[in-house]
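Notes for the one structure printed next.
Note that the chains take the letters A, B, C, D, E and F in the order they are written out, and that residue 1 is the start of every chain.
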Amino acid sequence: MCGSVASPVPIPDLAGRKEIFDYYLGKIKVGNDVDVNVLSRGTTGFTGADIKNVTNQAALRAAADQVDSVSMKHLEAARDKVLMGPEKKSRIPDEEANLVTAYHEGGHALVAHYTKDSHPLHKVTIIPRGPSLGHTAYIPAKEQYHMTRSQMLATMDSLMGGRAAEELIFGTDFITSGASSDLKQATSIATHMVKDLGMSDRVGLRTFEDNSGQLISTGDSLGQSTKESIDHEIKKLLQDSYERAKSILKAHAKEHKALAESLMKYETLDADDIKAILDGRPVAKDL
Amino acid sequence: MCGSVASPVPIPDLAGRKEIFDYYLGKIKVGNDVDVNVLSRGTTGFTGADIKNVTNQAALRAAADQVDSVSMKHLEAARDKVLMGPEKKSRIPDEEANLVTAYHEGGHALVAHYTKDSHPLHKVTIIPRGPSLGHTAYIPAKEQYHMTRSQMLATMDSLMGGRAAEELIFGTDFITSGASSDLKQATSIATHMVKDLGMSDRVGLRTFEDNSGQLISTGDSLGQSTKESIDHEIKKLLQDSYERAKSILKAHAKEHKALAESLMKYETLDADDIKAILDGRPVAKDL
Amino acid sequence: MCGSVASPVPIPDLAGRKEIFDYYLGKIKVGNDVDVNVLSRGTTGFTGADIKNVTNQAALRAAADQVDSVSMKHLEAARDKVLMGPEKKSRIPDEEANLVTAYHEGGHALVAHYTKDSHPLHKVTIIPRGPSLGHTAYIPAKEQYHMTRSQMLATMDSLMGGRAAEELIFGTDFITSGASSDLKQATSIATHMVKDLGMSDRVGLRTFEDNSGQLISTGDSLGQSTKESIDHEIKKLLQDSYERAKSILKAHAKEHKALAESLMKYETLDADDIKAILDGRPVAKDL
Amino acid sequence: MCGSVASPVPIPDLAGRKEIFDYYLGKIKVGNDVDVNVLSRGTTGFTGADIKNVTNQAALRAAADQVDSVSMKHLEAARDKVLMGPEKKSRIPDEEANLVTAYHEGGHALVAHYTKDSHPLHKVTIIPRGPSLGHTAYIPAKEQYHMTRSQMLATMDSLMGGRAAEELIFGTDFITSGASSDLKQATSIATHMVKDLGMSDRVGLRTFEDNSGQLISTGDSLGQSTKESIDHEIKKLLQDSYERAKSILKAHAKEHKALAESLMKYETLDADDIKAILDGRPVAKDL
Amino acid sequence: MCGSVASPVPIPDLAGRKEIFDYYLGKIKVGNDVDVNVLSRGTTGFTGADIKNVTNQAALRAAADQVDSVSMKHLEAARDKVLMGPEKKSRIPDEEANLVTAYHEGGHALVAHYTKDSHPLHKVTIIPRGPSLGHTAYIPAKEQYHMTRSQMLATMDSLMGGRAAEELIFGTDFITSGASSDLKQATSIATHMVKDLGMSDRVGLRTFEDNSGQLISTGDSLGQSTKESIDHEIKKLLQDSYERAKSILKAHAKEHKALAESLMKYETLDADDIKAILDGRPVAKDL
Amino acid sequence: MCGSVASPVPIPDLAGRKEIFDYYLGKIKVGNDVDVNVLSRGTTGFTGADIKNVTNQAALRAAADQVDSVSMKHLEAARDKVLMGPEKKSRIPDEEANLVTAYHEGGHALVAHYTKDSHPLHKVTIIPRGPSLGHTAYIPAKEQYHMTRSQMLATMDSLMGGRAAEELIFGTDFITSGASSDLKQATSIATHMVKDLGMSDRVGLRTFEDNSGQLISTGDSLGQSTKESIDHEIKKLLQDSYERAKSILKAHAKEHKALAESLMKYETLDADDIKAILDGRPVAKDL
């Protein structure tokens, strides 16, 4: 789950890649064994330029083999070359990793959908971008000045949705390290609520960090019971949030499954797709 | 709530913006659909120069459209351009954010008004300036040398008035992050009272920070019970202050509402306006 | 209360300012409304050069007004100009602040006078110098090598006299931030006694800071009970000192009042004046 | 135990060194006393180039001695020269150290083999490389995105297998310092699980380190009970892992012995060899 | 009490100053009122060059007064000039400060004399040197390699002798800040015994500081009970040392008085003088 | 006790110095009073070059005295000159210091000899080198890869042997500061065992320091009970080691005495000498 920063180069989804392969392969002579579906599935994360590059290089290989049509063998070798080339791509996740990501991202989306004061969903995807395997983007309903306590909790819950999904679907032994950045963000929100915003009755209406960044001294001069209170409240905010996320996922297990399966199928879902799936309607892409 | 630092460029309030729009639109041909009220409401925080700029750009757009009068469409596009332009303005708060700000600032003002030894009020506004959505300015009654304990408590109470207002009017779930700088200032005063001014009997007549900024060592060498006492006293000063602020706002809920509504209407209130509202009299601007 | 560092330029007291005004106004034509008493009271902290400047500027203003005599109006405008001018003076305290200062400084002086082993008094003043509103100066009886425990306690008691005076005369709510530097000095003496001079039986004959300034490690390696003992002894030394100061001021409330009133009247008292007041005799300046 | 980073220069095992010696000695005249087996055993860690160098230098020494055939004496002197030469090799371990290493590495391999979700084995060796006396390499089954909890535990168990082997085979008094880097890695995994991945129920779904590396303040502001919980959970994860490793080694003591003995014999075992040994079949090298 | 570092310029004692005055005044005409005893007493700490300077300047002043002989007035003015001159001398202590110093230094010497394994005395003086009012010098019996526990305790006891003397002779209220450097040195020895030399059974045979000066981490990683033990043992070593010093001074009060009085009379005593006084014999200087 | 680093210049022992004196004095005319035994005993730590220098300078002095033979007086003056010369030698220890060193080093050697898994002895000496008064050198039996727990304990015991010897022979009051570097090394081994090697059951199989040297944060984030456990285990390892060392020295007191006396006689003992002494046989040097 991350912010909806626009990627500098558009990354096509499965359908997009098929279209692009069809376009470029249409320009050259291809063998009977060439399967655009297989090629498209095997090039997640490729840009249009990458696909063009794959078909060009495959043609060169066919020429080098002194055959007059490009076969699957040439295309796959070319794809591997591009993948491993000097501008090394992110690794292509396998089906199993994609499934974990689909449930994880679906978890974020589902919790956001059923949580009051969460930002509305914009897009969910399992296409990797940078170090992250997938992400869920939100449209803030309107330009935001200050966040309310309710909105902070909703953000935490949605962040917890990914990890909760892993635990519910795959079991405790198979939760992954994939939620670490979600947990870090949620911890940061909870810490802000307790230490800067006076949103814990037990800790009270006091702030604990000054502008000068003299964090060291502040920490040192706090008594044990204050530190214990701060720890307790941060932990409680996070634990409660996780429980809320889990109970939403449990109550909507069927929709969660539908979301994850659609993500496996389409890789990316927009707000309307998600709505359709949650309503049990077919998504527009199928129509 | 912040100090009454004079803004380098005067920012007109609602009435002011209307006048300025009337002036500049009077110089060009405008369509029937142009509504100065709507334009003024939609340009909070604009200076006179900004408004002049909006009308000029609207005229250019009309010319580009090869029509002979400026319509609302041109004006709004021009306003958006100015707003998003290279010299990016602060974002314009929506009605909902304004309402929260109005009650928040009204809370500061009301608590200050009913607290002995508070500085008299000078001005309250919901026009954003810098990162702050609104502010409440005070006139110190006379040049101040040293503050008395009573004045420090009054300042803390007034600072707490904003947050207390949010909790009372919108409920715990909807308190915002807007009070964080108020809380930081109040914490700073309470810390000063306990650690530099010997104003806590439990902690005693001792100071805890030396000039050389060797905060680290001082903190380290303090025993647990001293740290606990310091924490306890700071927390108590802040908690008591918040309770006093809340009880004033509860006792004067009607005036609070009147203040907030007037702020929604006029955006800025001066000392006389506030006095009129609290007395149940019409404000001068309405006369 | 601060050391008796000689001010580079002599600052005249009330009587001195009257004389200087009389001298310079004697050289120009002045209107009937000019009241030297009022002028002198309103120029606390002005040097002789400042007063000369005021009269010169007033004369220029009268000339600009094309009248042939300087009236009170010209003099007050000139005084304000000098006060606010490029070489900004310290702010002139009002009567109320002066009263607090008079009792505060009187407190220092009275406690010093009645405490064995205190340095004898040299001068007490409520004329501000730098950031301090007044001060009390002492003549060390002779050049001092080492201070005795008794002299350290006497110094602490006298430092506490200012704050004790505020509490006794104006009440707990009206104690000011004016004692913060006194408290810091007293804390520094108490800390020195406990941590460097082995003057606490409970802490024992041990020092806690080495020459190399490795304060951090020393602090870190101390056990809780040692830290608690150090805190306890510093607090006790300060608390006992404050109680002694308060009980002297209570026992000599009449003399305290007399001292404060004389300070309001003459602004500065020397050792003989103080002695006269404490003996119930008229001060030399009245003779 | 370390990652399967390919060594820049291939290091031959015992059989390899024999072949290389046979090759180079076949080109020169050698005496009857020359025993290739002894030479090969005495040159663990030598590359092919090193062995070529040894035979060349031995030939020069024979020439210097004015004898016409190279004797064992010349070869051993040449070997020592190469060993101690400007490009100092790692020291050659003795039989006893090799035995400890064989059981240690065998322990890693055996635990990995019997632990669900461990990476499959690739190679085990007792040939020293850099500061490490031996290592065990794994082939990750497929490119890994996120690790599951189960995989992290399997990695910890396999890391613990080396130390557990030493304790079981040689006794507590003879455990060596050789496991320190294994322990450090295992501690790092356990710490990551508890402090970054929320994988301890007692500590909860909270992270404890932020990106800015402000570790100091975070540490300082934690309460005692949180610190105790973190310590407890890290210790428990590690202790449980060690027990699992030990119980696998106990249950498969015979295979452990077979693995260690094969390592003593062949120095390096690949995945097929290991499988053969664990199945009680002869290894391919013996066929 | 400080080491016996040779002073770059010899500082004469009372008898020495008389001789020097006699010599230089013998060269000029002096009035009847000139009293060499008074001049010598009033120039403690002056070097021979200073005294020559005093007489020369006095002669110039007499010439300026157009009188033909140097009177006491000229000499005292000259002495003051030299004392306050550009090369500011240390301040001359008064009789009262000298008496405190005499008992303080006498205390060091007496405790050293009656303590087994103390270094033998070399010299005791009340002539100030640098910031110290007096000092006691020892001759190490022979070049020392390592100190024994017994020698360390003897050094501590002798250091404590100065402070113990102040308490016994002048009372608790009149102990001075003069012992602070003695206490610091004694604390340093006790700390060394406990933390580096394993000389406390309770703390045990462990060191606590490494060469790299990583004092911070060492301190941080110690548990409370270890820190308490270290504190307890350092305090106990110092407290016991002080008690031993006090009980020696009590048992030899008469000799202490005799030493102090001789120091007042001669300012400096060497080993033979001290021995004579402690034996009740006249000191050589009186013979 | 220190490692067996070869000294750049060989330092002869007593017998060696006699030979060298005999050689150089044989070249010049010497008086009847010259006693080579006395000269040799008085030049511990001199190299051959130093002794040559002494005889040359003595000859020059004799020439300067215009006598035709070198007497003891000339030789001793020359020795002192060399000793104190521009290239200042280490101080020559006296008999008493030598005796302490002999028992101290003998303690190291004896404990090493009777401790299983200790490195065999190589040499023991009381000739000072650098800041250390004596040392004991070991030959590691073979090149060492990893140390076993048993070897670490043996090293600690041997390190403790020096201090234990001082306590047993001279008594608690006369233990010296000479063991501080032994204690530091032993503490370092014990700390390594507990914090890096998992060799304490109570602390567990966890490491506490990472490569990046972020010691500060690690220390800070540890809970009290973990810190107490670490302290307890380090202290226990050291205490047990000291007890073992003491009980070996007690059980072999006679051999300890014999070793120390031989060290006083020969200054340096090699492995064979030590073996002879422990077997009650005469050492080779006496044969």
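The working rule: a contact is a pair of C-beta atoms (placed from the backbone, for glycine too) under 8 Å apart; a residue touches a chain by one contact, two chains touch by 3 or more.
Protein identities per chain, from UniProt: A, B, C, D, E, F = Putative ATP-dependent zinc metalloprotease YME1-like.
Note that the coordinates shown come from a computational prediction; the quantities given were computed from them, not determined experimentally.
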Mutual neighbours - chains that touch subunit B and subunit F alike
none
If each step moves to a chain the current one touches, what is the fewest number of steps from subunit B to subunit E?
2
Which angle of rotation, from 0 to 180°, maps the CA atoms of subunit D onto the equivalent atoms of subunit E, to the nearest 5?
120
Could you tell me the distance, in whole angstrom, between the mean C-alpha positions of subunit C and subunit D?
77
Need the CA-centroid distance for the pair subunit B / subunit C, whole Å please.
38
Two or more other chains touching the same residue: where does that happen in subunit B?
216, 220, 222, 224
Graph shape for the chains shown, where an edge means the two chains touch. Line, ring, star, complete, or other?
ring
When the cyclic arrangement of chains is written out from subunit A toward subunit B, what order is obtained?
A, B, C, E, F, D
Subunit A-facing residues of subunit B, complex
91-94, 97, 100, 133, 160, 163, 170, 172-180, 183-184, 186-188, 190, 208, 215-216, 218-220, 222, 224, 227-232, 234-235, 238-239, 242
Within their complex, subunit F touches subunit D through residues 142-143, 145-150, 152, 192, 196-199, 204-207, 210-211, 214, 216-217, 220-226
